[in-house]
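Worksheet: the structure to be examined is printed underneath.
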């Protein structure tokens, strides 16, 4: 707990960050930037976990550990995503998401 | 002092995350993302979760961002600038995001959070290590193992996916 | 007296039909003998039955009885409405047995010679047996539905026989026409039966025609469009009779039916089947007389009109068989008229008796005329009078017998036609003067056109024949001679002693005041014909020229055929069937296809949502989430 | 094993046996043997049925067996049969028997063909023996689905289109029907007992009239689609035209009867009040379809289309008889099912045989066939005469019973409908004689037709069997009529009782 800073301020930060991530995911055409938006989203979620843990249940560590796991998952996800991106790039010679639209109908 | 540091970090996070999704140069975006991640780890430091902050720094700010930068270098020209986002799309998405923010914050701000319990746990490395590997009530060995396998699978998957497939390709 | 053997009169021809029809192609020529043998049995059995019925067993206390010789439950519709198949003997049915078996037997023999060259010889005999079976079943019917059943069967055997030369398009279309026209009439018959049977709850002739039965004593009071319901029923039933008996305007099929082999024309389209309508009315006469007098009057007028109409057309035709066909129409008109002017009981029933009498004599001399015409056609290989002439020198027997028949139909005493026609005229005089005068006129015209035909064939100029015409063999002339005897002497039968509407015999006598003028009129007709046609003269052409328009209309049978063609082809085919076929394919089927097309269209439209554009999905997802939050957290919370 | 189950077992075994057949010879031999066994079984059933009745068994349904196979919804394998069912089974057995002979020369994937054909027949047999709505529906679908394959694979012309259309329309009907059946299910135990699909049980309870008003049209139309109810008949011309011979035979001969049978046995029997109340509306539709089908047939050029439209007309007459709601008319309607089944099967068999020789079905391209193939042509004439209602052949008995029955309804509406429907017999004569005139009579139009041969032995087996059926019913209708009439009593009491208030002004 940080004296003088209410829980909600953290939440405001994470919420805004979350939606900025979503905004990025929706407007960015480049696959890598979309991935970066996802990282933002994950990060904002992590902040929430940690903050809730710290402010509401300081005698436990669930939020803390879940953040660690999320980071691990994010790392795995990033690795796979980048592998896919590289593959997409080979196939379409571009990493524009609008090019990769064969999966339809 | 902490208050000042918190608001500084918060400002950095918000500013650079916004920049990260709006910057028209991809490498800049990656760097902005790095700042956001580092600031986040700063928040963790403030919250006295040092181990988590370290993990955030090394894994996120270090590993993932480097990975992203690599892939950027592999796939994009450094000087390429993204075309401007179509105004309609930007407006729609931005509107939606703002609406989301408003809704979420309206809920959050009205929610009466219960007061914290007083006996805060000291998070030292020993506690963390024990918790991760213990299998009693507050132990995390199962998710820990699951994550291990996930990481392994992801590693293999990444290799398989990214591997060149013989001569059939290209 | 047990009459149950009479069922064999029906069954023997039926088994002959099956036998010859199924196995005839193995023995071809013998099929004719087989069929004739079967008919010989029917002939003998019928005469035996007639003798037994009229002279021994039929009369009880001076009244003829309706005897059920055989009865079998065939099908039951409801508890009361059941179809029996059986044999009912009463004066008219026994008389018809005699007529049908005589003519049919003669035709069977005659055809042994006439048809022997034909490829479908056995088929011909099979069909003849089928026809005889059906006709026998019709005349002995115990109930109106049995009659309808055999009515249809004679129709189909007529169809098969008219279309005997099935590779001739004209024969095919004639057979089709005959069947469809009579079928149309039978629709009326059927509906009539349905109405009648609904209100009387029976099909049985004995019950519906009895004086205190449900049709007469218990006649339903309902009316429909001004006439009583029974009048409608009887008119509709008469429609069936009119179709089969070729009354105007349903007569068009009969002249065309002459496309069939000549013996068939003699049997079916002159002597037996076409009088089925007359027989039908006679069979139901009590109902007509008591419950539906309006219908009966209508029948009388229609008969008179048809007889005049057909006689006029007959004057102008050159195809012998067509002349005979129109003369048949005209004579059946006579019979219908006689029924129309008949009353019930004692001397009032003279019209009825006369009608049956004329039916009987007409069957004999008209069959004779057709068979004689067949012999002529056989000799010169043509149907047209302008390719004939002077044949009296070549065909002696045919000539004599034909002459007898012509005199009979013209009504010259003592030949058969005179007597029956006289009775009809008497009946008409007593009940309806207008019809009487019409018939006087028709009698004259009849004498004229028949003698015209006779003179054109046997006198007049002799054209050049490719090969000398020669007389037919004995199998053909034998029946001619037999029928000639009948045509001479049948008129002497005192018919009223046997046939009357109330089954009670009575006496008739010759009315000289009517008979003598009628003979004079007939002689006048013959005289005019002789003047015109005995030698080749120019009178006919002059008259033809003078009456050009009228002649042309008459020659073309007053264009009734064309009217029918217009109605069937232009209206029914063109304005109903084709549009329906189109409507079905385009509109109904189109509607069904529209569902298919609509589904495809909707799918094509909605598949755009599945664009493959990740960001659209993301947008939709977030928007959905936001909307859900908005709805459930804020609006309906 | 009980005699009814055998009707499903025999074809199933036949199908398995065909799977192991090595060649065409074996395939058709096995099919012929299997279907002959089925025919024999049908004869056995008739005998057993009469024995049972003569022994004084007056139960509505004989040979009943019940076995619950889906416990939680109480779905039973309930079988049992009455006179109507016996007649339908006999019909089906005859037609599948002749159908096998008519497709004797099927050389294209014969195993698969015969398997599908016999599966189809299994469905039909199962349908007729079932007393459980769900099982009935199941068999119904078993009968409908192989049709898609049979037409789509072995058909001719635009076969994919036709197969698709037929299947989709019938499936559409099934969907509506399903709703109706489920409706019956949920109203089957108004006092809170266990819900059931069993026809006998459902007949005992009284469904509220409001529910009947909703579910009766669904059920009736659902079955009606298969029974070629106007305006849902358009699958029939295309489907028949594209289907291979045996399929047309089976489809027009039996499957369409499934529709009218179901409409009677399920819709009218189980929802009698609604049937009384709504019959007028459907009566208009079927009267239209009787005349409309006949007129539609007049101008067609393709033999199969002519027959398909004629089937619309004749099947319309079946529904017409049913909707007249009295014993005589319904008796007639059921005779018409049998009669039309055999007759139309004969027609399609002959059309298939003629097509196999001349390779065209357009009547104007043929002519004078009576000269070159007298047997087939004579059979065609007989079929035609049966179709136009010649006494002595089956059509007459059926039509007359329907009309006499229909005329027992004593009001102007029914009278007019009857007269209109009866007028179809004239139009029928027109189109039948038109075909006979063009196709069989007249001069031979094409020189190569002189070489054509008449029927082979297996074709004769098929044709003669069917003709014997037609003539047998036509000449001795009493047995069939009696068989049906007997079983109609309980059903009609049920329906007429329900209609009492509505029919009170009618004095019979």
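Every chain is named by a letter (A, B, C and D) in the order it is written, and numbering of its residues begins at 1.
Going forward, a contact is a pair of C-beta atoms (placed from the backbone, for glycine too) under 8 Å apart; a residue touches a chain by one contact, two chains touch by 3 or more.
Keep in mind that what you see is a predicted model, and the values were worked out from it rather than measured.
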**Complete:** Using only protein Cα atoms, the chain sitting most centrally is D
**Prompt:** How many angstrom between the C-alpha centroids of chain C and chain B?
**Reply:** 103
**Asked** How many angstrom lie between the CA centroids of chain A and chain B, rounded to a whole number?
**Response** 5
**Request:** Report the inter-chain centroid distance for chain A and chain D in whole angstrom, where each centroid is the mean of the CA atoms.
**Result:** 66
**Whole-Å separation of chain centres (CA-atom averages), chain B against chain D** = 71
**Prompt:** What positions in chain A touch 2 or more of the other chains?
**Reply:** 22, 26-27, 29
**Complete:** Multi-partner residues in chain C (2 or more other chains touched) are 619, 622
**Request:** Could you run through all the chain pairs that touch each other?
**Result:** A-B, A-C, B-C, C-D
**Residue numbers on chain A that touch chain C, as the complex places them** = 22, 25-27, 29, 34, 97-98, 100-105
**Prompt:** Where on chain C is chain B touching in the complex?
**Reply:** 619, 622-623, 625-626, 629-630, 633-634
**Prompt:** Which positions of chain B touch chain C when the two form their complex?
**Reply:** 92-93, 96, 99-100, 103, 106-107
**Asked** If you look only at chain B, which of its residues touch chain A in the complex?
**Response** 2-3, 6, 10, 13-14, 17-18, 20-22, 26, 29-30, 33, 36-37, 40, 43-44, 46-49, 52, 55-56, 59-60, 63-64, 67-68, 70-72, 74-76, 82, 85, 89-90, 93-94, 96-98, 100-101, 104-105, 108-109, 113-114, 116-117, 119-121, 123, 127-128, 131-132, 138, 140, 143-144, 147, 150-151, 153-155, 157-162, 164, 169-170
**Prompt:** Mind pulling up the chain C residues that touch chain D in the complex?
**Reply:** 73-78, 81, 145, 148-150, 152-153, 156, 159, 163, 166-169, 172-173, 175-176, 179-180, 183-184, 187, 190-191, 194-195, 197-198, 572-573, 576-578, 580-581, 584, 588-589, 591-593, 595-596
